[in-house]
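Each chain carries a letter (A, B, C and D) given by its place in the written order, and its residues are counted from 1.
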Amino acid sequence: MPELSTAADDQFYREYILDHFKNPRNYGRLESPDISHEEDNPLCGDVVGMDFRVKDGVIEDIRFHGRGCAISQASASLLTERLKGLPLEQAKKISKDDVLGELGIEISPARIKCALLSLKVLKVGAYGLADEDGE
Amino acid sequence: MAIRTLDVAAIRKDFPIFETGIAYLDSANTSQRPKQVTGAMMEYFETYNSNIHRAAYRIAEEATVHYEAAREKVRAFINAASTKEIVYTRGTTEAINLVAYSWGRKHIKSGDLIVLTILEHHSNIVPWQILAAEKGAHIEYVDIDEKGELRQDQFADLLRRGPKLVAFNLVSNAMGTINPAREMVAAAKKAGATVLVDGAQSTPHQPVDVRALGCDFYAFSGHKMLGPTGAGILYGRRELLEAMDPFMAGGDMIRTVRIEGTTYHDLPWKFEAGTQAIAEVIGLGAAVDYLSGLGMDAVRAHELEITEYAYEAMSEVDGLTVYGPPPSRRAGVISFSLDGIHPHDLATIADRDQVCLRAGHHCAMPLMTRLGLAATARASIYVYTLKSDVDRLVSSITEAQRIFA
Amino acid sequence: MAIRTLDVAAIRKDFPIFETGIAYLDSANTSQRPKQVTGAMMEYFETYNSNIHRAAYRIAEEATVHYEAAREKVRAFINAASTKEIVYTRGTTEAINLVAYSWGRKHIKSGDLIVLTILEHHSNIVPWQILAAEKGAHIEYVDIDEKGELRQDQFADLLRRGPKLVAFNLVSNAMGTINPAREMVAAAKKAGATVLVDGAQSTPHQPVDVRALGCDFYAFSGHKMLGPTGAGILYGRRELLEAMDPFMAGGDMIRTVRIEGTTYHDLPWKFEAGTQAIAEVIGLGAAVDYLSGLGMDAVRAHELEITEYAYEAMSEVDGLTVYGPPPSRRAGVISFSLDGIHPHDLATIADRDQVCLRAGHHCAMPLMTRLGLAATARASIYVYTLKSDVDRLVSSITEAQRIFA
Amino acid sequence: MPELSTAADDQFYREYILDHFKNPRNYGRLESPDISHEEDNPLCGDVVGMDFRVKDGVIEDIRFHGRGCAISQASASLLTERLKGLPLEQAKKISKDDVLGELGIEISPARIKCALLSLKVLKVGAYGLADEDGE
């Protein structure tokens, strides 16, 4: 059998991922946000939405909401931490690898979509980039 | 007649994959395949590999004989009247699409009613949605009650409106519900409908008699009943199949092709265009032999035993909800959810213990929407399933609860 | 770049069937399959047997990875731009029917012209006949000249009439003619037609580059190129596939299914409804690896050598007529007849010597009618064919002539 | 490999089958026959037709014509020999096994249709029995 990146390693549900899942940062909604966008992953039902307040090109405040698996929700929570206070221009440069790297665990192909859902919300919502190849 | 019991230890020796140590609880998705099935395919590949029907030498005749022998095995297995009523397809999905194209395009008209159920697999919904949109027909879905069983009162009401077609599964893949198919077919026929039964989840797991069932069409997949991928069956009553136009066209399904026009072959070959999945059909024949050897009553009895065991063990887990009816009225499918733990996370944790569990919408999104769920976890069993596979699942569940506590 | 030569003795060791002693001269019908292909299928069955795309455990991911890796192999093999353009089907026949349904039903209108050739296989005729009859379109067939090559003057005339669709095979299975496909596609595209190339007989036997070819659709079968039965390919240019409706509907080809309506999955999965022929696709991937390893230039060179040898040997037989062009412009297919001996009788006599020969109309009845024949005998070759296989054929022919003298 | 009836035996092209093929009995046409019928086997192109003259329920004269493989033509020739002078009532009783038996060789599945084509001409032509299952 070829080597596959696999979820079957003990690191998968690392403490801080579980922590972000159970105690999501920046969770909730903003009142009259400048940008608000939601995406879902119909295959597993994960939903992530984000509200942004932007001032002088900087993400001044951010909240996310949603439901779904630990990966999708922890990944959204982690992303909001990174985004808060970031110039939009820099936010644009956040890549898939950045997000996966931040999770710090091997994500199996079947769970990649969960991990990247919040990035999709950012890309499509905050600067209208349709993530054309989905994944 | 006493029902034999399965010798599961002996059965498992026929499945080399179990040497990997997996607890395979996803047989409703696709089953494992015994050596007898892959061996029949290898025998074809290595000793009489050739095309069928068209050739004038010994190994091609041998291939043809095996290919057609499998049809007779399938006929006997579901008690059809004739091998002319047994059409090879890739699986349930192609079988239903064949009916939607060849029967549906001809018979469904604007304003016609098609009755489905909320329990259906996408393969028994989307072809009808497309047909209905094309023809201006409309679809009604029989709902379920709080036990996950079809609301027969509503079904009776819908029948009163004179549907042209009624299509439903004998067993739901998403909840395991065994529908009262014989009564439903009888009522639908009485109401004048043509009836298609999706047998993808029933054929592998219980005795099936299409003549007793009385339906017009019956579809199932080889890969869910120990056969290889790539081969499945459409059963159709002869008069209906005779009156239908071909679905696909090409080699082998014709009698004569002329520039001026073409005449078609007899049943069942009229519906088998192009080179068929020969090795896979031969493998399916071997799977039918294997199941017949076990006895379908014994298969059902074994599954009921494991299902009851699982149902009980899982009922004892705090925060675990099982969907659907009690074991006696369900097949070996247990759909469930855990408070605070997403099914995907559970499946990933189970996977660490080599427990193969399905998580998702099970290609039954309308049912999930109806239940207000995005996804469930699902354990499904077969002839090779052990009680210890269930024990392993339960300990994965406990482990997940520990992690997510 | 020097073309490698095939080590046929080594190749034959990969095909256990040759231990039976057959001289297999029916590869245009279906090829034999090497251990590498059946081995890849067995590896799936025995170590990671599971369904694809839908599951959340390791072996299912492994199955998905292999299934999609085969798509990339096929893409590279025919030099398509993207794996989105590679759709799995059962074979050439299903691929062409998919286009006839999903593209044809939408684009072919009353009065439209479809151009085919008299060299076509039934699979590239009958779907268009049915479509034309349904839509009130009409079909013209490009004729052949006395050498068995397409009459390009007539093709040019037909193009002037602005056909909507042009469909033809790159290599004829009945006569072996290699058509000047690149020029024909260019001319047809210039005339505004959509172009489908039937690659059933070209893909296994020569290098293929669909982008250089420039066609819109290209269809072929795995079982003719060392792959198992049950898996084939439709290549389609992305814009065309994007704009097409699904062919079959069911599991896996959807994004969301709701009672109110359904949205479809991205390419290529939009066209892959239901459980696919997973093991067979994996086997096809292994077949592509095998052929790529040999090098398609080397494959063609070997076949040309054997074809020339056979052509010469058979030309020396009294009362034997070979149909079609000289070896340099034909693939490894030799269609022929013997004075006073029916092809079926010849095939039966050859079979006594374990020489596997095809006799019949080769699913090309319009061509047979055009040639004034009911049937021919046909010898066809592949990577494992030896000159001694040809010698055995010639001695069967001599034996038949002795019996029927 | 299972045992199959096979064409691969030396008896296949027995002398008298070849003789019937090369020197067909009752070959040709009848002028104004009482019954005339032709059938073909499109798959291999075999054609057999028969003309009957019937008097008082007896086949007084018969001719066949056609083209195709040795099996189909020899079988037709053999059948006409048997039919000539036979009451129609008895002709009706001729079965597949009779015809195959008379050929006296093992016929492989692929060639059965060739061997039985002349019987089909008799059944359909002489007393309108559509041979509904093909062979």
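In the analysis below, a contact is a pair of C-beta atoms (placed from the backbone, for glycine too) under 8 Å apart; a residue touches a chain by one contact, two chains touch by 3 or more.
Everything numeric in this text was worked out from a predicted model, so none of it was measured.
Between the Cα centres of subunit C and subunit D there is a gap of 38 Å.
A separation of 46 Å divides the Cα centre of subunit A from that of subunit C. Taking each chain's centre as the average of its CA atoms, subunit B and subunit D sit 46 Å apart. Centroid to centroid, with C-alpha atoms defining each point, subunit A and subunit D lie 78 Å apart. For subunit C, residues touching at least two other chains, in rising order: 47-48, 55-56, 58, 60, 256, 344, 348, 351, 359-360, 365. Along subunit D, residues 7-8, 42, 108, 111 each make contact with two or more other chains.
Contact topology of the protein chains: irregular, matching none of line, ring, star or complete. This structure has the following touching chain pairs: A-B, A-C, B-C, B-D, C-D. Of all the residues in subunit C, the ones that touch subunit B in their complex are 16-17, 20, 22, 26, 29-30, 32-33, 38, 41-42, 45-51, 54-60, 90-94, 96-97, 100-101, 121-127, 129-130, 139, 141, 221, 223, 228-231, 245-254, 256-259, 261-262, 273-280, 344, 347-348, 350-351, 354-360, 363, 365-366, 369. Listed in rising order, the residues of subunit B touching subunit A in the complex are 342-345, 348-349, 351-352, 359-361, 365, 368, 373-375, 403-404. Listing the residues of subunit B that touch subunit D in their complex gives 43, 47-48, 55-56, 58, 60-62, 64-65, 255-256, 266. By the touch criterion given at the top, residues 1-2, 4, 6-8, 42, 108-111, 134 of subunit A touch subunit C in their complex. In the complex of the two chains, the subunit D residues touching subunit C come out as 7-10, 12-13, 18, 22, 42-46, 67-71, 108, 111, 114.
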